[in-house]
Amino acid sequence: MVEVQALVVDGEFPSPRRSGSGIDAQRLALLLAVLAQRAGVNLMRADVYASVAGGLRVTEPGVDLALALAAASAATNRPLPEGLVVVGELGLGGEVRSVPQLERRLAEAARLGFTAALVPPGTVAPPGVVALEVSDLRDAVVRALGEVRVSGAGEAPGEVS
Amino acid sequence: MVEVQALVVDGEFPSPRRSGSGIDAQRLALLLAVLAQRAGVNLMRADVYASVAGGLRVTEPGVDLALALAAASAATNRPLPEGLVVVGELGLGGEVRSVPQLERRLAEAARLGFTAALVPPGTVAPPGVVALEVSDLRDAVVRALGEVRVSGAGEAPGEVS
Amino acid sequence: MVEVQALVVDGEFPSPRRSGSGIDAQRLALLLAVLAQRAGVNLMRADVYASVAGGLRVTEPGVDLALALAAASAATNRPLPEGLVVVGELGLGGEVRSVPQLERRLAEAARLGFTAALVPPGTVAPPGVVALEVSDLRDAVVRALGEVRVSGAGEAPGEVS
Amino acid sequence: MVEVQALVVDGEFPSPRRSGSGIDAQRLALLLAVLAQRAGVNLMRADVYASVAGGLRVTEPGVDLALALAAASAATNRPLPEGLVVVGELGLGGEVRSVPQLERRLAEAARLGFTAALVPPGTVAPPGVVALEVSDLRDAVVRALGEVRVSGAGEAPGEVS
Amino acid sequence: MVEVQALVVDGEFPSPRRSGSGIDAQRLALLLAVLAQRAGVNLMRADVYASVAGGLRVTEPGVDLALALAAASAATNRPLPEGLVVVGELGLGGEVRSVPQLERRLAEAARLGFTAALVPPGTVAPPGVVALEVSDLRDAVVRALGEVRVSGAGEAPGEVS
Amino acid sequence: MVEVQALVVDGEFPSPRRSGSGIDAQRLALLLAVLAQRAGVNLMRADVYASVAGGLRVTEPGVDLALALAAASAATNRPLPEGLVVVGELGLGGEVRSVPQLERRLAEAARLGFTAALVPPGTVAPPGVVALEVSDLRDAVVRALGEVRVSGAGEAPGEVS
């Protein structure tokens, strides 16, 4: 269990920053492209910083969905729900994919007090955890943050229509 | 057996991105140049992201043809056929070349349920798999996606004529 | 116990420098984004240099808060109070977080003569050390430097309103 | 025995690409400068991609001459002769130099069916292989491709006068 | 004992060069920022090259003060005094700090014939060596080179007012 | 004994190339700055490529003088004298410095047929080798190439006045 965070800042410089602390910046850039193309949250011109709490380093794709939602949450100023754990790999088409040892991770999350999990379709959640199955990133954004759209290059990030 | 994906985005910045997650970005840039010069699918001004599913890392050239077709598919919004496996190295002239252990790979693909294979000329497919032999990238694009052309710098990727 | 310093220079070049000697420049860039967004000290267009005294190298997030305050201090020309030790990780929302072995670090600081500590909420300070608990970076800036604001892109760093 | 290929594309971006797959991009840049200065084939403004077939990696200078001729061939759309093997290091003055174990390499080439070899002066070819001795890159281009000239910055690569 | 040198050239390109041979270029950039802000020797727009004689590589901060003075000397065309050894770390506020084994280094300098040492306050010099104690970089510049000021961006380096 | 070569090309791009094959590009950049400032051969706006023959890699400063003279030779189109070996480190002031095992290197050069050596002052040459002692880079250029001057930014390299 790791905690990822994102910070979205109106980009002032020629090429926007994708800066990861504990996260691969290349993967972050790719996830932001998916977020723009597949879920209508366009941060292509914003500076986006992402970080894993505690100085940890994460290299496996199970953190993809959490990272994308953290960026969408930061851009829209809508917090993610309390007690929600997010697990899943993202495909470039926006589809949410399962990852190894997903059930074991959810069991650990249950022990830590999480009561809901945003997960790939077909995931079996442990007792006490509600599984919110999402098939693609657009679904996941709506389930976690409500109906949002951050549109278009040149606008300030965080605008919601 | 790995799954590669590509995402093509209209490039907004001075130098277009070639970003690979699990794939060498230099090789991706080279394959896109071949795709433009030899197969009429010009993505030289688009941002192209490619990824290997599952967080794997691929360094051998047998994935060349699949990667080029994934980019062409993403640019034209035409999906690759279901049940199709793609194997082959690409030369800079656009020719499709055989790779080591090709028959073993196709046998594995057959076990996983693939029923057709886009492969270099002379490949022997296992029972239950139809071998579609292609000699160059242009052939491969037409066999997999139909007659497509993405033309020219400055136009939006994904346009098909 | 390490000593971190920052130097803020009016940025003259297209992309501002974030240069760390003994500190990860990526982490420095992220902390400056947090400082601008969450604490009203905007150094996004300034060149910022940070250094750890003695040629040491620091990689753990417990130095986050000290680094952010060193930058704010340099930008406003207000020195940090004498005898103050600063410990804490910064989240991207500006929240100050606890770090491992915080009590042991404060005990060492007490031995070295520090008499006050800017720390995350709930920290127990050793005898002789006053614990100033701060919940977020804005609090920390005010407690350490007073009411300051460095506003806006394009202005000279160090201006205080 | 390795096979090298080059692809020359009209450069559209501020700094032209020198991209090597299996070949050092710095060495490629240097060889293109020699090709422009010493052999009249000016690709300084073109994007040039080079690749070693089979995913191999080559680091020794014996491949210099082959790489330069592959680029000249691609730029002029003239194929290199069938059955020709090319071996030699290039000096910055354009001179073709011998490399270690040259005779052993030619013997291997003979076994593989090559019947002619473009080689440094004084090379002894094995039976069945005609040695075409060339003293400098200009000679080599003429012997392999005929009289060609690709002139000048800003023109499309591949133009032949 | 190492010998460091600096060369200051009027910068012609968009971002000035900080190039170190045997010295970390990041540290050099930081020291030049300190030199500009704290000692009135502004080389922010000049190209600065620094080198350690003999092909050695130096990574400890005791060389900071010598490096900054070498740059100031090169910029003002005033040689540093003969027989002077310089030791000290620089803080970002311009303060000169002691370094480990300073006395042992000065003893070695005395054996090599140095007769004066520019050192941090409180340093005990060996017999035959005059200790010139300096508390900050501005002091050090004045003691070593006299009253100098290299002012302002855009002017040629080496101008002295 | 290694052979170094340089190629100087009129720079067409915003920042001039310093490209080394077997030689550190940072060191090459520094030597070209010394060549411009101390010997009147200004290649600061030219693209300069340097290479060590045979695919070798050189990291010691004894090659400095040879590299600088190779660049000056290439820029002026004046060949270095036949039978001349060049050894020496360059200081940033343009001074030529001795290097370890200089006599042993000259003895090896004598065995290989070299009859003259451009060397630092005080060098003892073996029988059969004339020692041409040079104290600084300007001396070395004049002794090896005659009176040359390549002046000024923006002019084509290779112009001689």
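Per-chain residue numbering starts at 1, and chain names A, B, C, D, E and F are given in the order in which the chains are listed.
To be clear about the criterion, contacts are C-beta pairs under 8 Å (C-beta built on N, C-alpha and C of every residue); 3 or more make two chains touch, one makes a residue touch a chain.
All of these numbers come straight from a predicted model, not from anything done at the bench.
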Inset, instruction - With one step meaning two chains touch, work out the least steps from subunit B to subunit C. - result: 2
Inset, instruction - List the centre-to-centre spacing of subunit C and subunit D in whole Å, with centres computed as mean CA coordinates. - result: 56
Legend entry - For subunit D paired with subunit F, centre-to-centre distance based on mean C-alpha positions, whole Å: 28
Legend entry - Between subunit E and subunit D, distance of the C-alpha-averaged centres to the nearest whole Å: 49
Legend entry - Interface hub residues of subunit D, defined as touching at least two other chains: 14
Inset, instruction - May I ask you to sort the chain touch graph into line, ring, star, complete or other? - result: ring
Legend entry - Cyclic chain order - from subunit B, heading first toward subunit D: B, D, F, E, C, A
Inset, instruction - Please name which positions on subunit C make contact with subunit E in the complex. - result: 5-7, 9, 12-14, 17, 19-21, 47, 49-51, 53-55, 74
Legend entry - Residue ranges of subunit F touching subunit E (in the complex, touch as defined): 14-15, 24, 26-27, 29-30, 33-34, 36-37, 44-45, 59-61, 89, 91-93, 97, 153
